[in-house]
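Presented below is the structure to which this report refers.
Lettered A, B, C and D in written order, each chain numbered from 1.
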Amino acid sequence: MFFASDNAGPVHPQIMNRIVQDNAGHAMPYGNDPVMSEVRQAIRRTFEAPEAEVYLVATGTAANALALACYTQPFDTIFCSNVAHIHQDECNAPEFYAGGAKLTLVPGGDKMTPKTLHAAISDEEKRGVHGPQRGPVSITQVTERGEVYTLDELRALTAVAKDFDLPVHLDGARFANAVAALDCTAAEMTWKSGVDIVSFGGTKNGCMGVEAVVMFDPDKAWEFELRRKRGAHLFSKHRYLSSQMAAYLDGELWMETAAAANANAQRLAAGLRDKGAEFLHQPDANMIFAAFPRAAHKRLHAAGAKYYVWEGEVEGDDPDEMLAARLVCDWSISDAQIDQFLGYL
Amino acid sequence: MFFASDNAGPVHPQIMNRIVQDNAGHAMPYGNDPVMSEVRQAIRRTFEAPEAEVYLVATGTAANALALACYTQPFDTIFCSNVAHIHQDECNAPEFYAGGAKLTLVPGGDKMTPKTLHAAISDEEKRGVHGPQRGPVSITQVTERGEVYTLDELRALTAVAKDFDLPVHLDGARFANAVAALDCTAAEMTWKSGVDIVSFGGTKNGCMGVEAVVMFDPDKAWEFELRRKRGAHLFSKHRYLSSQMAAYLDGELWMETAAAANANAQRLAAGLRDKGAEFLHQPDANMIFAAFPRAAHKRLHAAGAKYYVWEGEVEGDDPDEMLAARLVCDWSISDAQIDQFLGYL
Amino acid sequence: MFFASDNAGPVHPQIMNRIVQDNAGHAMPYGNDPVMSEVRQAIRRTFEAPEAEVYLVATGTAANALALACYTQPFDTIFCSNVAHIHQDECNAPEFYAGGAKLTLVPGGDKMTPKTLHAAISDEEKRGVHGPQRGPVSITQVTERGEVYTLDELRALTAVAKDFDLPVHLDGARFANAVAALDCTAAEMTWKSGVDIVSFGGTKNGCMGVEAVVMFDPDKAWEFELRRKRGAHLFSKHRYLSSQMAAYLDGELWMETAAAANANAQRLAAGLRDKGAEFLHQPDANMIFAAFPRAAHKRLHAAGAKYYVWEGEVEGDDPDEMLAARLVCDWSISDAQIDQFLGYL
Amino acid sequence: MFFASDNAGPVHPQIMNRIVQDNAGHAMPYGNDPVMSEVRQAIRRTFEAPEAEVYLVATGTAANALALACYTQPFDTIFCSNVAHIHQDECNAPEFYAGGAKLTLVPGGDKMTPKTLHAAISDEEKRGVHGPQRGPVSITQVTERGEVYTLDELRALTAVAKDFDLPVHLDGARFANAVAALDCTAAEMTWKSGVDIVSFGGTKNGCMGVEAVVMFDPDKAWEFELRRKRGAHLFSKHRYLSSQMAAYLDGELWMETAAAANANAQRLAAGLRDKGAEFLHQPDANMIFAAFPRAAHKRLHAAGAKYYVWEGEVEGDDPDEMLAARLVCDWSISDAQIDQFLGYL
């Protein structure tokens, strides 16, 4: 019963097999391995973007921080939700990579709206040289609260960015889960909706540790390469990043694992709903924020279930008090584990 | 015939097997996986340092830049050889991680001497607040030219550093090759010789992509963790770093692969010597810098041999002109490949 | 009728005379001028702090950014009001000097309260290595909206900081105006109230361009000097900074000019109140935020009055619409100018 | 007898008078003062560059670091002499402002040659993404050893830079002394010789603390303004920078003070030569590096003469041992002081 995070699951067998298979003999290092060519073509096909450039790194934070750094001057500010991963969970990595730039937090929780974003952007750069300048807009899709922007919502946000002539970054650590939830294409959720650069996550969705940065405007490609090296994120034995990503894209495995993770969450959410749990956020993809009584938490803890208690303390007297949990499903969780969890409720 | 770099070889089967074996089920992310405890104990045992702290990252540049950043203020300068990897091959990563610090290049080539190091340190911080302040000394062992400092040489360098009260970093991307060459212990080559923090390389010596930073003074441990996260080098699926390092240390595999790589280089060097090649540097470990006639280079290139032409151009008329090559052997190279290479000479 | 800013007024004659007087002959550069010794003693006397260290810089942003950098690690976050000068008006200088650290904005406007500050601090560093770490608290006194924290309010804020073991910085660009408003001593408003480091402003209050950073804990003194030099803020002809500050402190001129500026603002505020203006903030010192009808704004603009229209647009139809103005008084403004301004209302 | 530095002399009376004169009433802050318009026109006229942009800062290090930052990416390296002020005397400010870029030191002492510069540039960027990329060339004129590049020498250096398509920065902390020495125009020594951006020094040559950054390509102007503000170098009471520079340029005062300083040095050098001193460098402008016997040093020290002993220790037995001195003349030094100094030799 492991619902603590989708970054705790195993590597998908097809990906592990590909790593093992690509392990024979020598391969040119630093991204010059032949598998990387395969990855490049697969990404371009997947995103319907024959000009796109693609680079691999091993962590989501690296993907985000490097992608943003290419579009941010040190005197700029990056616009994002006040619960964005780049703000809350990257220990100032975006600020570090962007040379000391600022993040402007759009209030209102996980989903920015055209109105809140417009207000936040309008409010900056009013002070000429005194305040920070307007930098990129970063959108997290799936949000950190498990919600998914519809394509219309996405387009409305990027339209605001474009009104101010600002580039748009998509933090897609759970990109696949969002595409699966929306039943759309990778292209529709990115450049067709006004996104300029994407962190295309693999790690949380069955890979070992790989994220692709996809740049629809190749002008920044060389700068990205230099920033990646300077950030110490250029792998010498790069072929093992390539192999993961190649297997992940091959036969649309990425969609398969995402669909499985989302289905797991739907099964869990349905069960929670049946048991009277209260949802803090719409469980659009593979994350659930739901409250249920302390007594149930106690039973689950005793049984060894792993998840974050989001609000409140399991220790306490009132057995009926509702405490919120964050429950994340990865592709590898079985129906039996979910049902076991629900049984303790 | 692949002698371009030791980072181009495959993952050792014992390491790959361990990765596959540790792939079952869920594991806590971000270094809280149980295998990391095993690694910590193994490192402490290997280095005879029960208080040491150890952290894993995926690239040698990350290990170096993060280790140095913990000991460098932004107004400091780091002392290193003028051909050090941290100077020539890390695209300003040490400067980036140390907040804009400087590198002071000790002249004289790959091996610093107590005299050149003393002169370089003496020459800085003479200008009070105007110049950079003296920061750590970074020693590359094996050097970038394939030479190995003896323990006496190492101790003489760290004694100079200690005279100025400066910490010492060891860039051990090829740590195992040096230990094998010196037939000493990990402890002897580090804290027993005055080293404070080590980049203990795994990637070039049979791993997929893992380096351990070993801190003999645990005071900087938490700072290292924060800098690692801020640098985007904290892996969520950390267990796969742990598994590599666990297998690498298990049964002293690291010494076995290093001994194999060094033996390969000795075989190759012996053959080169027999054929009249001239050595630019003493081939102490697994790297050879040797010059041989253009005609031989042409034959090797035609046969598909991979290595760097270090000085000169293969294209050219005089078949007898001596051109230098850099030849690096990893553990996986067979005697047959070496003999094949020598055959073309 | 110049109410745009207190940084637009002239240098006080006593200060200018001192500069001229100290201009004879040669003086040791870089802070080794004899006048600096006089300044050091005067600051220690003024702040009743015989151990304090003091350094001069030429801009308030430099004073703030350098002071904060000495107490901030790059993975930290600085706590300040959401309208603090360090956030809104320094173009990312604090982030730059602190190596990419973050600012956590305490909501609620110009004055932080123990409750809002406590909540903001509590909310950070919950995420272990993932989020930023808690850094210093920066308090702006006079606030950017012209209000002055009482000593009790100050002490309540620093008590919160101390509960979390965090250092406290006071941005005193208008330090003198606050001391004058509170009728307290410099010591009472700083170390006696729990402040660790102060930006003691001179520029806005009659100097040409000088701010003193006063450190009650001299442990960081040498680091400050290095950061000042690295930031390019160490003056070679430092004596002219010293002369300004010496004259400013001499005979408590700083209190005299601050009292004059505050009195000017009180006269202006009284007049505005009489004319029915509405106050957005309590005009505690020398800044006024007040709304009055568009028609009056139009008359003032036509007459050449200089001030910021804070909310709304002077162009517009409704002559009765209330538009807010920011009006700042420096020491040099005459009663006649104030009365002239009030005449146009 | 003050020969320690040209930054220790007084402000020229014409400059001080202008400051006092411009002190009346209010003036718009942050560079919007009317005197700045006068400065802009005077600089354009002086440099025969009607499109040039000009900004004022208060220190030479700020001028250099900000100018270079506009032309340097954080993964670049800046080429300069190994005794350049930006390397030895700015406590990592250029590295700080350029986001952690590197300095490549061209060996051979104060004057770079086309050959040494070409070799240094050629040697970088050979390693693709692994090493730093080629950044601007920075030339110090007058050099830190008191020598002056001829226009031919300058043009030969900038031609090398242009061959590699690199921008050229001139550190002109002693710009006027060089122009006076060469008897050329400001234009000839800058854009007509291939210089892109200049630090035009005022502080050492009679001002209180002001340097102009002159950009012949105005494309970077706004970036410069933002970097200046972010670096905390934008003065609120900017008019006092403007006044200095206006007076400095007015009637070519800058040439007059430079000619005086150079003449002082020539008188001193002639006397030294007569007394048998040995010159370490050609005293082309207002700095002298010369060796004379210890006994003379002792007499000078006893008489209170101020200068740097460049090599050797005044304490010591052998009265005939030659010790080198650095002697710098500013415009304000009288013939009597020079003759008094020479008398002690």
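By our rule, a residue touches a chain if its C-beta (ideal position, glycine included) is under 8 Å from a C-beta of that chain, and two chains touch if they have at least 3 such contacts.
It should be emphasised that the depicted structure is a prediction, and the values quoted were computed from it without experimental measurement.
S.K.: Counting C-beta pairs in contact, which comes out ahead: B-D or B-C?
M.R.: B-D
S.K.: Select the chain at the greatest separation from chain C, using centres from the mean of Cα atoms.
M.R.: Measuring from the centre of chain C, the most distant chain centre belongs to B.
S.K.: So what's the Cα centroid distance for chain A and chain B, whole Å?
M.R.: The answer is 34 Å.
S.K.: Indicate the whole-number Å distance between the mean C-alpha point of chain B and the mean C-alpha point of chain C.
M.R.: Computed value for the inter-centroid distance: 51 Å.
S.K.: Just curious, how far off is chain D from chain B if you go by their C-alpha centres, in Å?
M.R.: Roughly 42 Å, centre to centre.
S.K.: Could you check chain D for residues that touch two or more other chains and list them?
M.R.: Answer for chain D, listing residues that touch two or more other chains: 74-75, 90-92, 96, 99-100, 129-130, 226, 229-230, 234.
S.K.: Under the touch definition given earlier, write down the residues of chain A that touch chain D in their complex.
M.R.: 30, 73-75, 99-100, 129-130, 133, 223, 225-230, 234
S.K.: Enumerate the contact residues on chain D facing chain B in the complex.
M.R.: Within the complex, chain D touches chain B at residues 74-77, 88-92, 95-96, 98-103, 105, 127, 129-132.
S.K.: Name, in rising order, each residue of chain D that touches chain C in their complex.
M.R.: Going through chain D, the ones touching chain C are 2, 4-5, 7-11, 16, 19-20, 23-29, 57-62, 65-66, 90-93, 96-97, 203-204, 208-209, 226, 229-237, 240, 306, 332.
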